[in-house]
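So that you can tell them apart, the chains are marked A, B, C, D and E in the order they are listed, and the count of residues begins at 1 in each.
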Amino acid sequence: MFDSPELIIEYLISPVFLNAAWLTLVITVVSMTCAMIIGLFIALLQETNWPFVNGFVTVYLWLFRGTPVLFQIIFIFNVLPVFGILLSGFLSGVIALALNEGAYMAEIYRSGIQSVGRGQRTAGKSLGMKEWQVMRYVVIPQALRVVIPPTGNQFLGMLKLSALVSVIAVEELLLVANQTASANFRYLEALTAAGIYYLTMTTVFMFIQARIEQWVGARQGAVAKPRTWTQRLLGMTSNAGA
Amino acid sequence: MTAELQGGAGPKELIRVRGLHKSFGSLKVLQDIDMTVETGKTVVLIGPSGSGKSTLLRCMNLLETIEQGSITFDGQEIANLTQQAHRIRRDIAMVFQNFELFKHLSAAENIMLAPMKVKGVPRLEAHDRALELLEKVKIPDKADTYPEQLSGGQQQRVAIARALAMDPKAILYDEPTSALDPEMIREVLDVMLELSNAGMTSVVVTHEMSFARRAADHMVFMDKGLIVESCATDQFFDGEVSARTKQFLDQILH
Amino acid sequence: QDVMAPKKLINPGKLTYGTAATFAPFEYTENGKLVGFDIELGEMLAEKMGLETAPLNMEFKGLIPALQGTRIDIINSAMYINEERAKQVEFVPYLKIGNEIIVKAGNPHGIKSRADVCGRTIAVTLGGIQESYAREDATRCEGEGKPTVTVLTFPTAQDSALAVRVDRADIFYNSTPGAVKQLSELPGIYELAGETFESNTRIGIALRKDDMDGKRAIEEALAALVADGSYDALIERYNLPKSVALLSQ
Amino acid sequence: MFDSPELIIEYLISPVFLNAAWLTLVITVVSMTCAMIIGLFIALLQETNWPFVNGFVTVYLWLFRGTPVLFQIIFIFNVLPVFGILLSGFLSGVIALALNEGAYMAEIYRSGIQSVGRGQRTAGKSLGMKEWQVMRYVVIPQALRVVIPPTGNQFLGMLKLSALVSVIAVEELLLVANQTASANFRYLEALTAAGIYYLTMTTVFMFIQARIEQWVGARQGAVAKPRTWTQRLLGMTSNAGA
Amino acid sequence: MTAELQGGAGPKELIRVRGLHKSFGSLKVLQDIDMTVETGKTVVLIGPSGSGKSTLLRCMNLLETIEQGSITFDGQEIANLTQQAHRIRRDIAMVFQNFELFKHLSAAENIMLAPMKVKGVPRLEAHDRALELLEKVKIPDKADTYPEQLSGGQQQRVAIARALAMDPKAILYDEPTSALDPEMIREVLDVMLELSNAGMTSVVVTHEMSFARRAADHMVFMDKGLIVESCATDQFFDGEVSARTKQFLDQILH
């Protein structure tokens, strides 16, 4: 399949690919960080009972989960300028991704918060804590366990989703791979190089996730299922050897 | 400890419940409850399973919305306080029937959390206090253990220590000795008596009659959401009581 | 049937070709039907070989993998030819087209030729040769010590067009036929600046390197079309300038 | 921005758009259904302690979450034929999406399973149930609550993700919108028409999700947070009126 | 009911524990436990909080991995059964100290689940049986109520009914009356006696001494993971016992 495998290595170490990979990473991390803050905020707002706020939250969740993020990117990039708001491609992309992802994260947090038994909240309240303190010190720490795996999913998803900002000419990894390939038609080499970058970043994210899970698990005195990432990899090795 | 006469309205009434009604759907759980708890006194609440004892305690701690009636604390009407409920709860601690320890915190952290976050006690001080309280309930070695790894009785004692740590004016105990052995019951009783002597007000739901006889200033007997009997401890056990109360007391095995 | 059909076809009796129908006037859709210069050319080629067509309409970036994965016999999608690409696939060239500088109506930046683009932002489309011209400009400007050119690569021509419209980009480099179509569809919004440049960019049909029989068949069929005049008629029907006719006698 | 808004309605009722929207819906539902089955299967495999199986699962999760689904689609469509496996575009797309999504669903199920207290499993075991029975009758029903919101997320995500199959010539909604726009450069109109379809489908999915949540909540005797979808919409209305 | 002599090996031994050791990390929770439970008999297990009572019951139900020792059930060695553990558990039911009712099922469904899934009892039949058992524990009206909405004592009774529904050969009760009032304790005791007369074998952890005195054939007193005393009930309460046992019994308040 590969006409010139050495091209892959050439691409891997080329500044264009490196820059693009770095940009992809930055977009992912920045968007996800904002999305996590937005999501938490929205999830907490959902806990209140103010109709106005709830209406706002509903519309937000509906619109941003309801339309493709591609549209949201194009909209922020191309339509806002009509109203005099001219944001750079990078900024437009990050804002769109963060707002979109925030709506998804809000649902994940909601499920996490729901997973904490009502008795735990009651106990917190009975000790004189305010609602937000109960949230902050009792509910959220316990919700963490449930929230981490889907959040990890979203992180990995965002790594790939960020490729959509290529629609507004931000030179992230996949666009660079496609640009390179469309000039010389060496698609497999260019895509493989990009794929290696993606896989590397994913691996790092998965590793971080496993560490966080381990840490949260340890703090909660969990004994069951202590399958660490390393152990998993060991399992993998034994498989490879089989 | 002397049993004082009950009923005179005055500054000595810490908690006063009047005409309280509470339902879950069509189920009337509390009906027209009147109850007075004087400062520094211990009221013991008994009654068959499902009679509404836990629900009454929860109402006093503003953890349930009530349909009708008034609850005053220290002279202040609190039944319909929603925004300020957390202020009242600082002064009325509660020990839950199923403990409800915070699952993500160790025994010591369970005890330290509220003093630190609600009262702003510095961490070190809170930690010292927690160890002191764990010592009091005889499990100093379980400070760093998580609730899942504690035995039933150990969990119950952490729950009691957690309530005490807030230095409340009153404590509502929901069967505080149910998971304890006779030795431990005595220890906990001693702690409660000591607190009572220091001016603590308590409402205790318990099925331990021997415990009630020793610790209570006043007895309340509930059945099917109604208060059937409410009188001083001596009278309750040795004086004239209603037929239903007598029947209940007679069931007690010795 | 004037020409012998290739022996190996993905679907027997059919010429299966890939196209990315987002490039008017060569290939695009109208009311859900594939239309355009290349589409008609494909029909005519197939007819000459006694075949029916089986178009596969996909994104541009999916074309080469589909060809190499033997999903399609040929790519019929107005692909420009360069040396690098020619190393990967066989091309049968059939048109020679130029490129245009498109700016917003009124030409706010006073662009008269590629010499004026330094410091400007140029929109180009993924897979088009204009990207390489824009990058050449960037290098040239830097070499001359002038402010460089920012190149924005958009996935489709309409993305690029929109970018100029909302002042995201100052200039859009498009192929001449594409530019003509764009200006006629959205009158009064854009205008052409300066002369047609690089007017001998060849476009062609792409085949797998090892498919010499297929190449022969396409070449023969094309020659037959040129010979019977339908090649020139097609060019005329699409209002393309005479200069595009690479193969006319 | 819109040069000719009447075009939007024309697009909406055109058979091309309708067909494309239908195809998008079918791809989404079929892929997600398969993904949910695969994910559950993988999540249950993770509960076992066989090193070979665990190694296999790890590699699967790592590869499919680690590389862009776009690659996976291209691979299944274009590379498998080299080995004599020639699948249609639709099938290739659905298989790639299902395998990719399955890896994400597995993580979601894992978090759901983790959220069920160990005591509940113990109680199930002590009644003589086999491991799988405990899973089936005790753990999974309780995990449902936690799993529904992130699964809803994935459904909505898949609706948009399915647009990627356009790279292998499946004429789903977004490709049709792009092609339509390329003919007359009425980009925003075409995208808006597609967006309205997406929004409609999303709304239906969100509605279904809310009903399921309500149903599961009711079965578990939950009293708190009975905010139904309708109530949410009412909140929205009151907001609109404000 | 007559208290029979204990210790003779023979077909009458249903559960036999020998040399059992169990640790959690460095904490030795059970050390060299020997215990025999004869068919149809009731053994009551008492001891201070944290002495390892619950852990011992969990070991007998194969819910903990043990480091050392043997457990036989009906003559079969079961300590290291892992694949077949579920078979044994069909015959040894357990009532947990914290009930562990299935949160997603109503009271009746909690009771019906295992008979239906494990023994293949048809739904209708299982439902009738559940109602019958709920009647027995005096909460027939709570059949459709979810655990969260039950009072502590009601939950405990559902837990007992759930264990009974499996018609096991033996039941391990972990403080089955801790959340019950005196009236209810008597009711539950009657149920247990009735079962015992019908040949049921029971191990009961309890702090209710009066209950133990009436129901037990044999008493076991544990402290710090060791068995301190193991003898017939009469002897335990009225005969010669070790100093530690005496001290524990003396703490019991009357």
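Just so it is clear, contacts are C-beta pairs under 8 Å (C-beta built on N, C-alpha and C of every residue); 3 or more make two chains touch, one makes a residue touch a chain.
None of the values given here were measured: they were computed from a predicted structure.
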Any chain that touches chain D and chain A: C
Connected chain clusters in the absence of chain D: one piece
Interface with more contacting C-beta pairs, comparing A-B to C-D: C-D
Between chain C and chain E, centroid-to-centroid distance (C-alpha), Å: 82
Between chain D and chain E, centroid-to-centroid distance (C-alpha), Å: 47
Between chain E and chain B, distance of the C-alpha-averaged centres to the nearest whole Å: 29
Touching two or more other chains - residue numbers and ranges from chain B: 98, 148-149
Sites on chain C at which at least two other chains make contact: 61, 65, 68, 159, 162
For chain A, residues contacting two or more additional chains: 1, 74, 79, 82, 118
Complete list of chain pairs which touch one another: A-B, A-C, A-D, B-E, C-D, D-E
Interfacial residue positions of chain D with respect to chain C in the complex: 3, 14-16, 19, 74, 77-79, 81-82, 89, 166-169, 171, 175-176, 178-188
Touching residues (chain side chain B, partner chain E) in the complex: 24, 46-50, 54, 97-98, 139, 149, 151-154, 157, 174-175, 178-186, 207-211, 214, 248-249, 251-254
Chain D to chain A touching residues, read off their complex: 1, 46-47, 51-52, 54-56, 58-59, 62-63, 65-71, 74, 79, 82, 104, 107-108, 110-112, 114-115, 118, 145-150, 152-153, 156-157, 160, 163, 174, 188, 191, 194-195, 198-199, 202-203, 206, 224-225, 227, 232-240, 242
Interfacial residue positions of chain E with respect to chain D in the complex: 58, 61, 63, 85-87, 89-91, 93-94, 96, 98, 100-104, 106, 113-114, 117-118, 145-149, 162-163, 166
Complex contact set, residues of chain A against chain B: 119-120, 122-131, 133, 137-138, 141-142, 219-221
